[in-house]
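Following are the structures in question.
What follows is a pair of complexes built around chain A, which joins chain B in one and chain C in the other.
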Partner chain A sequence: MGRLRLIVTWMFLSLSLALCLDGLCAAEDSGVRVPTSVIAGEPATISTMGSGRATFYVLGPGISRKSDVRLGEEIHLDSQYTRNAGAYQVIVCADTCQSATFYVTADKAAALTFLVHPSRVPVSQSNAVSGVAIPFDQFRNLIFTPLNVNFQLTTGNTLLLSRAVRTQDGVAWFRNASGRSAGALQVVASLDEVSARRVVQQVASDPCNLRIEGERTKTGIMVQTEPVHDCSGNPVPDGTIVTFTAVEQNGKSTVDAPIKQGIARAQISGPGGAVISAASGVVMGNEVRVGAQP
Partner chain B sequence: MNRVATNLFRCRSASKIATLALLITLHLGLNAADTANDSSAASKVTVQLEAKKAGPRGVENLTQRAIVRDYRSAWTTMSHALEFNTLDPIDVPFAGDAKRVVHDTVISQQRSGIRQVFTDQNHQLQAVFYAPEGDAIELHDTASYRQQVLDGSRSIQDRRVVMYYVVLMTPSADRWVVRQMQVVQQF
Partner chain C sequence: MKIILPIVLVVVTVALVFLGLTGVGRASGTVGIAVGSTLVTQKPSTPEHALTNLLVDAKRHNWDQAFADVSNVAPGDKQSFIQDWTGSNGSLRSFSNLESFEIRPMHITDDQAEMRVHLHWSTPVGPIEDVRDFHLTREGDIWKTVWPKNQIPSVPPQVIPVTALRWDLVGGSAEDEWGAKNIDAPHVRIVSMNAVDLAEGAVVMGEVVNEDTIPAFVNVNATLVDGNDNAIDDESSFDRIAHVLLPKQVTPYRIDFPNINLKNVKNVRMDVKATLVPASADPVIGVMNQKLDADVQGKSVLRGDLFNQSGQTVNIPHVIASFYDGDGKVVWVSDGYVERALLPLTLAPFTVDIPKSLVAKVQNFHVVVNQYSMGRE
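For the complex of A and B:
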């Protein structure tokens, strides 16, 4: 069995060598001429050598065609067949098959895919807003030639960032701090006449200088915050929870209260005196001491 | 006596049938094993990922494993689709433009009667960009494989090639999907 395999291998190698000496092994890929490069959506011309009839195949991204051709004549590949960038393999089969490959590259930029994060961001946060821009041509092919993408971040009339970033491997990106005031942050990426716009909602950050006041009522203690703002002066959104803690002689009690119209209020029952403090998230407020019922 | 002979005959017949059944089972079993081996050889897809140079975000180990798993799945699926000219499996690992291109290729192959068989695939992936929020990754795939092109049952091309793919993947609900897959002449 092993000897038989050896003989067959030896025969195959001898035949291959003989064919190569006759110049036939170099004939592969030599009978078809393809363009060195084609722009997406442009026609391509393929030349064949020899004479007689043959079958022509072209395989590429999204395309697989077969047709009868005459060798020696040019084959025109219509622009609709070269829309997708990538490798196109041409095979021409008569007695034997010969092949060649050409590459279709992207056309000029016609669209930008623009990913921006997050959709809501607290103000004055460093590296909080990021964006990735990926240019595409009109046929949705990635463009790998370096291009300048301009990123602009504006809030109200204030320009937060204006930066040109050159694409690398087809991608440009930025990262930046959020602005100081709550409201819409306009994020724009532009490349020649193409642009993409996204909006990030800037919201107040954590409360700053949380201050409370309290007074005794008939049923207990009414405690409330002053209008709650972040450190940039933006009102903290309604619904943000403020936790009031009352330490009395008998123990401790806590009440959660949402901010409504900028102020959080809570009623703490009990006739005794208490020391009351407030917190929201990681921010602590001041303490107030309210005396016992007379 | 007759009854004994009849029983003996029955017994021998049963034995023969059992032997035959065993042989058939063995034969079918061996064939099935061969087919399974062929099938696993055909679908053998090796994927390796190098992610040290990716930025601006680092690619965590778990993410790397998921990308390798899902990229391998994408190639297995695409190879199956292009070999059998079927669209069934491409919905899961592909999305967007990549899905459109694979879909169009299969439809076009169905019309022309051409099939492509990819075997002995080896994919050396390099992550070149990982978005700051982790919602897109760009990979460079140096892919080497044996590609057979068949017109019906006739082989018109059989070659081993090295191709350079630029790939964009994005995370979906439970996996990474291929959104762009574009061959370039060189990276």
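For the complex of A and C:
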């Protein structure tokens, strides 16, 4: 019997909620008065009219509560029930059920989620660095109210970008070119007292003016590059592969040698003369001719 | 009925066990031996018998007998003779077993013989066939194999200065703020792709470059799609790629689709995956004296020598070669393992095959060396 009553009550509540969501219930007329807006984490007061005992329900984002109340008295919702931003439905049931809706909006910004892409970027690339900032309040509610987020990009002592961007639907973003010098690019997003910092590693671009020199040794030919830089003058990172190709009379020899301390070097075995060239990725270097062993 | 079935099963099991035991006894003399297993104990009165004796003894690691089967050796050569069969320095040969062999006579006179042997090795990287020519001589009434003395490289004690260069990874923790410590995956790109039909099936091949400034672990997958956009097959490059790519390094890849004809394929979906890995820039291995040539059987091969320019022993070198036509298009990718370890500052020869049908197209080639070394990441 008790279970049947519970089912009937639940069906009634569901129907009431459905009708209210369709706008067929009027808060003011039903004898339930709710605040027009509540800030997340602040208490709310709900007024009722009439007299006698009633059952009070509140349904909100991530919350539901049921309690017994007296009609005509104010119902106080503690701050713990209004932490999540969104629409809240209150229902008061005595002989009949009456309902109303109010909205909880996000509190002031307390955190800034900041995503910057990429984590590494070659220097002097247009539109290569992008960032997205999303402000949240202390209860991790997304703040939809337009706010000004300040983006700052600095490399060394050079300011690359300083721009205030107004959030749209809770999001602010920027896109900018990378700097000309390899090193750390500091990216800061700030909003009032809240700020978030990210670091993008600016790395040298493809090698530029790859030049090699070679000399014959007792065991073959020792060939090495000059210090390898990109077109902006940044040293190409150690570990970058330089492929040396030696074309000899009887065939060819190749060595994939990593740059170490700015220079790549390799040893070509054999006593014959050779024409040696170098390449790194899609970049070609010069050619050198080394004569045969005397 | 409930009792009959178990009884039948027990009887059948006992019968099968008996048959199995007696069957193995009969077959044991020929398991893994292609030719001449019954001649092992006989006096080698023919070149075939002599060579068979040697190979069977080597297969069984019966080194005293095997060493007695060869001529032109001194007692001090025994260790190098054994090493020639068993490998050393953690090479691929040291993890291999001679499974079987086939002997083909090339030229036989009254006291001299040339024999060609196809040696079938089982190895951790799959079966490997080795073709070797043996010279045999008649000594009295028996034949003996003239052992070709291979110069096993030995490296004198020395100090080789190496500027070490490696990349280590430090991962973030679960407590880190989202987006605060992300490191992007390395940026790699497929720079060429070609698909060809062969008798064995379709082959998709090409090259991948690491465009980033950090090492990448790379794998290439391909999906063949028919006219209705349904996937026909999905395969990966497996070991026909140099998985660890240093910055700006290029590797060939090859993906085989056995028993699939390209005429049924409308599209090929390529997918290259790259992840961050710790890596070392050493050892540096040069590829010397590369040239297109023919092997002893007349097959077209690319041969050359690997030159270890570092101070570390490379246990298992793996050669991957891409072949280009006159327009620079990759027309074939071939690979091969070197069975000998590559000692510091030494050379080791290698060969990789080229299909006969593609030889005429090949105008250029590029070789990369993959390596597996013990005690290193």
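The rule we apply is simple: the second predicted complex is superposed on the first by the 265 of 294 C-alpha atoms of A that agree within 3 Å, B and C clash if a C-alpha of one lies under 4 Å from a C-alpha of the other, contacts with A are read in each partner's own complex, and residues count from 1 in each chain.
Simple rule for what comes next: contacts are C-beta pairs under 8 Å (C-beta built on N, C-alpha and C of every residue); 3 or more make two chains touch, one makes a residue touch a chain.
Just so it is clear, the structure is predicted and the values come from calculations on it, not from any experiment.
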After the superposition on A, what does A:222 contact: first (chain B), second (chain C), both or neither? neither
If you stack the two complexes on chain A, which partner ends up touching A:177: first (chain B), second (chain C), both, or neither? neither
First (chain B), second (chain C), both or neither touched by A:261: second
Could you tell me if A:269 is touching chain B, chain C, both of them or neither one (first, second, both, neither)? second
Contact-wise, after the overlay, does A:169 reach chain B, chain C, both or neither (first, second, both, neither)? first
Which of chain B and chain C A:61 touches, first, second, both or neither: first
In the superposed arrangement, does A:117 touch chain B (first), chain C (second), both or neither? both
Considering only the touch criterion stated at the top, classify A:231 as touching first (chain B), second (chain C), both, or neither. neither
Regarding the shared-chain residue A:204, is it in contact with chain B (first), chain C (second), both, or neither? second
Going by the contact definition given at the top, which residues of chain A touch chain B in one complex and chain C in the other? 115, 117-118
What residues of chain A sit close enough to touch chain C in their complex? 113-120, 196, 198, 203-204, 206, 237-243, 248, 250-258, 260-261, 266-270, 280-282
Please output the residues of chain B touching chain A within their complex, sorted ascending. 56, 97, 100-101, 104-105, 108-109, 111-114, 116, 128-129, 131-133, 135-136, 138, 140, 149, 151, 156-157, 159, 163, 166, 168, 180, 182-185
Within their complex, state which residues of chain A touch chain B. 37, 55, 57, 59, 61-66, 84-87, 89, 91, 93, 97, 99, 103, 105, 115, 117-118, 130, 132, 134, 140-142, 144, 168-171, 173, 175
Touching chain A in the complex, chain C uses residues 163, 165, 167, 177-180, 182-184, 209, 211-215, 246-250, 281, 284-291, 304-305, 307, 309, 347, 366-369
